[in-house]
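Two complexes, one shared chain (chain A), two partners (chain B, chain C).
What follows is the complex of A and B.
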C-alpha cells in the first residue's frame, strides 16, 4: 500500500483536471447540439457557476448566505439597462458589459457586506435574505430605471437561428471556468486557510491574528461579483427581466442545494451538484409541466443530503476511500490514532 | 521597571452577577504568574476581558507599556498577547499543520500567498515535532484526542511568537503524563523569554511552577505573592474554605 502513502496526497492531477474540464466545456455544445440540449447546458453551467460562487461564502467561510439572488438580479438589471438605455448595441457587444458589471457589483456590495458580516449564523441568514427582498422592492419601485413590474425587454441579438444559444453557452462556460479558477486560487492561498478557520471557529481565529473581517469581506465581494456576472449573461439570453423573476429566492436556494449535494467544502462539489440537479429538474418540468412541483423534490433532496451525505457526494466518497485506506494501514502499523479518529469533525463543543 | 500587563479597576457584570469587581493587578516582564481562585471567582472572565473577547464595563488595560483602548483579540495578538481556552479549541476541519501555520501575524497582502508556504511549513513542523505531534500533521485536528488538542492549541499559539501567553486551565481534563509534558513546555518557553499568566485549579502544579500567585475571590484580587506566602494567607484560606 506504499503507493497510496502520504506523499501521493499532493495531487498531480490538478492541471489534468483543469484541461479535461476546459476540453469538455469546449466540445459539449458541438456534441449535444440540439436547441433544447444547448439550452439545458447553458442553465447547467450557470447553476454550476452560481453554486461555486456561493460556495466562497457559504462553504469556505461557513456563512449561510441566502440572498445571492439580489446580486444575480443586480447583474441582470445592469445588463438590461445597459443594452436598452445606454445604447451599447447588440450582437456580441453586450458581452463586454459583463466584466464591468461583475467588478462594479463586487465593489458596490462592500458597504452592505460590512454590515451583514457583523452578524452570524441565523441572523446573517435572515438579514441576507432581507437584503434580497429590499433589492426586489427597489426593482419594483424605481420605475424610471427598471420599468417596475412591467420589466425590461432586452433586444434579441441577431445570431443565426441554428446556433443561436452558442454565444451564451460560451459566455457561461468562460464565466464558469473563471469562477472555478477563482475558487481554486482562494482555496490554495492563505485567504482560503483563513476562511476555513472562520468557518471552524471565528472567535479563536481572531485571537490568532486572522483578519476575519477582511477575509470575509473579500470572499463576499468576490462571490457577489461573480454571481452578478452570471445574472448579466442570463438577462441577455432570456432577453427579458422582471423583478420577481430576476431576483428570485429560489435561485440561491437551488444553487445552495447543488453545493450541498456535491460537497460544499470541495472545489468541484458545486459543479457536480449542478450537473446532477439541473438536468433532473428540467426533465421533471418537461414531464410534469412547468409547475412548482420540483420544490417538493428540492425539499426531499435537501433532507436526503443532510441525513445521508452531510458533507456531500464528493467528500463522502473520498472519506470512504480514506477510511478503507486507514484501515488497511492500521493493520500494518498498530500505533495509529485513537478510535475517536473516525469522527473527522470531532465532537464539537 | 514597567509592567508587561497591567489591569486597573476592571469591572464586568453579567446581569446581576458581578464577575469582575474593580480588579487590578500587574504582571512583570518575564514572570510565570498564576491566577487562582475558587470556581466562579472570575478568572476566565478576566482572561476574556483582557484578551478582548468581552468588553469590560469599566477599567483600563495596558500591555507592553501602552494603554489598549477597546481591546480586540486580533490586535492584541499582533501586539504579542496570546491565549488558550479552558475548553481546548482547535480548528477541527483544518489539518494539524494548518492549525499551527494559521497563527502567525502577517500583513494583509500575505493572504495572496500560498496556503502553506515552505518556510511556514518548516517552522510549523519544528513546533509540532517539539510537541510530539509531527506524526499527525496531515490529519484533521478534529481527529486528535482531547489531550493532543490541548497540546496543539498551545503549539499553535507559539507560532505567533507572543511575549505573553494566557493559559486557561492547561491541565484540566488531561492525563498525568500529558500534565508533565505541558509543564515541560511551559518551562521551556519561559526559559526562552516568554511570560505566562496561568489560570489553574491544580494546586501542586501552581505551587511548583508559578511565582507570583494572584488569588481572585468574587472578582477581586485578595492576595498576591510567592506561593508559600499566599498559601498561608488567612483571607485565601477563608475564600477557599467558604465563609
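What follows is the complex of A and C.
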C-alpha cells in the first residue's frame, strides 16, 4: 500500500519486528558457526546494509544513484590508510575508526552531492557513476597514499582462529542495525515524507514549499556515510584493498539489484533481497570463480528480477495480503463496495 | 609547443571516433529517453567481431564495418523490441539498469569466448604515418576520423532529409504528439536504437586498431562516453560532437604534457567545472522533470 502509511508508523508490530531482527542477528553466528557460514553471513549483512543505505537515495528519493561504489571505496581506503599509516594498532582498535570514517565521508561528500543533485533522472545516474570512476582514478594514481595498483595490505588482526570472523560479523550486524534504524527514522519523519514528495513530483514539491535541495542532500549524505562505514569494516576483514576491488561497479549494482528484488521504497525489502541473493552470489563465485560465467549469471538474475518482479517481493506480497484482507472484509459487510471495484489493481497512487 | 600541436592533432582524430560512438548514444537518448549504458560494450563487441574477421578471414577492419554496421543495427533493434519496449514508458531508470545489466552479461560472454587478455587489431598499415609540416599523422587514425565523418554525415542526412528522419525528430520532441500525427513511435524507437548501436559497430571496428582492448575496457570507454553525453547535453547531437572532440584533445594533451594516468581524470574536471555553471551541459536544454 502506501509508501509510508500503515506499515511503519502505526503498526504495533514495528517494535516486535525490531526485536526479532536484533535477536536473529545476535544468535545467527552461534547457530551457524562454521567458518564458511559466518563468512557468508558477514557478506549478507554487508550487502543488506549497502542496499538499505542505497535505498535512502535510490528508493525513497527516487534518484538512481549508480556510483555508491565510490563511497564504499573511500571507506575501505580510509581504513587501510588509517591502520597502516596512522598506526591505530590492531585487534579491536581499528573498529573505532569506523564511526569517524562514516561521519567524515558523510560531510566530505556534501559539496560534490550538491553539484550532483542539481541534475535529475538520467543525468544524475550518469554523473553519479562518473564520480565513482573519478575516485577509482585517484586510488590508482595517488601512489604515495594508496600504493596505486599494488593495493594496501591491512594488518591481519590477532583474533583466535576458531572465532576469527565473529568480531567482523558483529561489526557488520551493528552497522546493519544502525542503517535500518536510520531508514526507519527517515521514513517516519518529515524527511521521509519530503523525500517521497520529491520522488513523486519534485517541481510540485518545491512549489509547495518542500526544501527539496536540503532533503535530497541529507538523504545522500546519510547514504554515503553509511556506505563508507561498511567499506571500512570490509577492508579490515579482507585485509587487502585494491582499486579494482574496493571501488567496484558491480558492488553498487549488486546492492541495487537486492533493493529491487526485495522491494524499493520498503524498509525490509533490501534486507530480504540481500538474504536471497548474497548466498547465491557467493555460491556462484565459489563454484565458477569471479569470472565470466559469474557475470552472465548476475546479468540474467537482474533481468529476471526486473521483468518478473518489477515491484519487488515485499510490495507484491503485501499487496496480495491486503487484497485478501479487503475481500474478507467485503464479505462480512456486504453493504460496502469491495475495495477492488474502486481500485482494481490495488494501486495506491 | 610542437608537442601540444602534435597532441591536439592526435586528439582531434581520436575525438572523431568518440563523436561517432557518443552521437549514437545521443540519438538513442533523444528518441527513447534511455541512457544506453551498453554502448561501450557494443563497441567492444564490434571490435572483437572485427578482430575475428581480420585474424581468421583476413578482412580489413575498415571493410568489416560494412558487415558490422548492419549486424549491430539488427542487434540494437532486437534489444529494443525484446527488452526495452515495455519499459521505456514506465520508467527510464529501469531501462537504464537493464542495459547496464546487459553490458555486464555481454562482457561475461565475451570473456568466455575470447578470454581476458588484451588484444589489438593490427593490419599492416597500423604503424604508417604521414609527416605534414613536421607533424606526424597516423594513417589509421586519419582513416578512422574520415570514417567517423562519413558515418556522422550520413546520419545527419537521414535525420534531416528523409521521412524517417522527420519521424525520429518528431518522436524526440514529443512522442505523444508524434503518435497522434501517425508516427509509429515504437518502430521509430526501435530504429533509433538500431542506428545508435550501429554507430557503436562502426566505431568499435576502428577503435580496436587504435587502442588495445578486452571486455573490461568497457568501463574506461563508458566513463568517457557518459561524460561526453553529459557535457554535450544528453540528447544534443552537435553538443555531443563538440564534447567528444574536446575530450579527445584534453585527454591527449594531458597525456603528452603531464601523464597518461591523469588524462581521463582531466576531462572529468572539465566536466564538473562546466556543470557548476550549466547543469544541462553545453548544448542541452532544460526539460521539465528531466533536468
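FYI, the second predicted complex is superposed on the first by the 313 of 349 C-alpha atoms of A that agree within 3 Å, B and C clash if a C-alpha of one lies under 4 Å from a C-alpha of the other, contacts with A are read in each partner's own complex, and residues count from 1 in each chain.
Throughout what follows, a contact is a pair of C-beta atoms (placed from the backbone, for glycine too) under 8 Å apart; a residue touches a chain by one contact, two chains touch by 3 or more.
No experiment lies behind these values; they were computed from the predicted model shown.
Of the two partner chains, neither chain B nor chain C is touched by A:149. In the overlay built on the shared chain, the residue A:322 is in contact with neither chain B nor chain C.
When the two complexes are overlaid on their common chain A, residue A:218 makes contact with chain B while staying clear of chain C. Using the contact criterion defined above for the overlaid structures, shared-chain residue A:64 touches chain C, although it does not reach chain B.
In the superposition on chain A, A:203 contacts both chain B and chain C. When the shared chain is aligned, chain B comes close enough to touch A:191, but chain C does not. Put simply, chain A uses residues 203 to touch chain B in one complex and chain C in the other.
Those residues of chain A that touch chain C in the shared complex are 64, 66, 115, 118-123, 125-127, 129-130, 133-134, 137-138, 140-141, 202-203, 249-250, 253, 256, 260, 291-296, 298-300, 302-303, 306, 310. Listed in rising order, the residues of chain C touching chain A in the complex are 29, 33-35, 83, 87, 90, 92-94, 96-98, 100-102, 104-112, 215, 219, 223, 226-227, 229-230, 234, 261-262, 264-265, 268, 271-272, 275-276, 279, 281, 288-291. Those residues of chain B lying in contact with chain A across their complex are 51, 53, 72-74, 76-78, 82-83, 85, 87, 89-94, 98, 101-106, 108, 110-116, 136, 138-145, 156-157, 160.
Those residues of chain A that touch chain B in the complex are listed here as 6, 9, 187-194, 196-197, 199-201, 203-212, 214-215, 218, 265, 337-338, 340-341, 343-346, 348-349.
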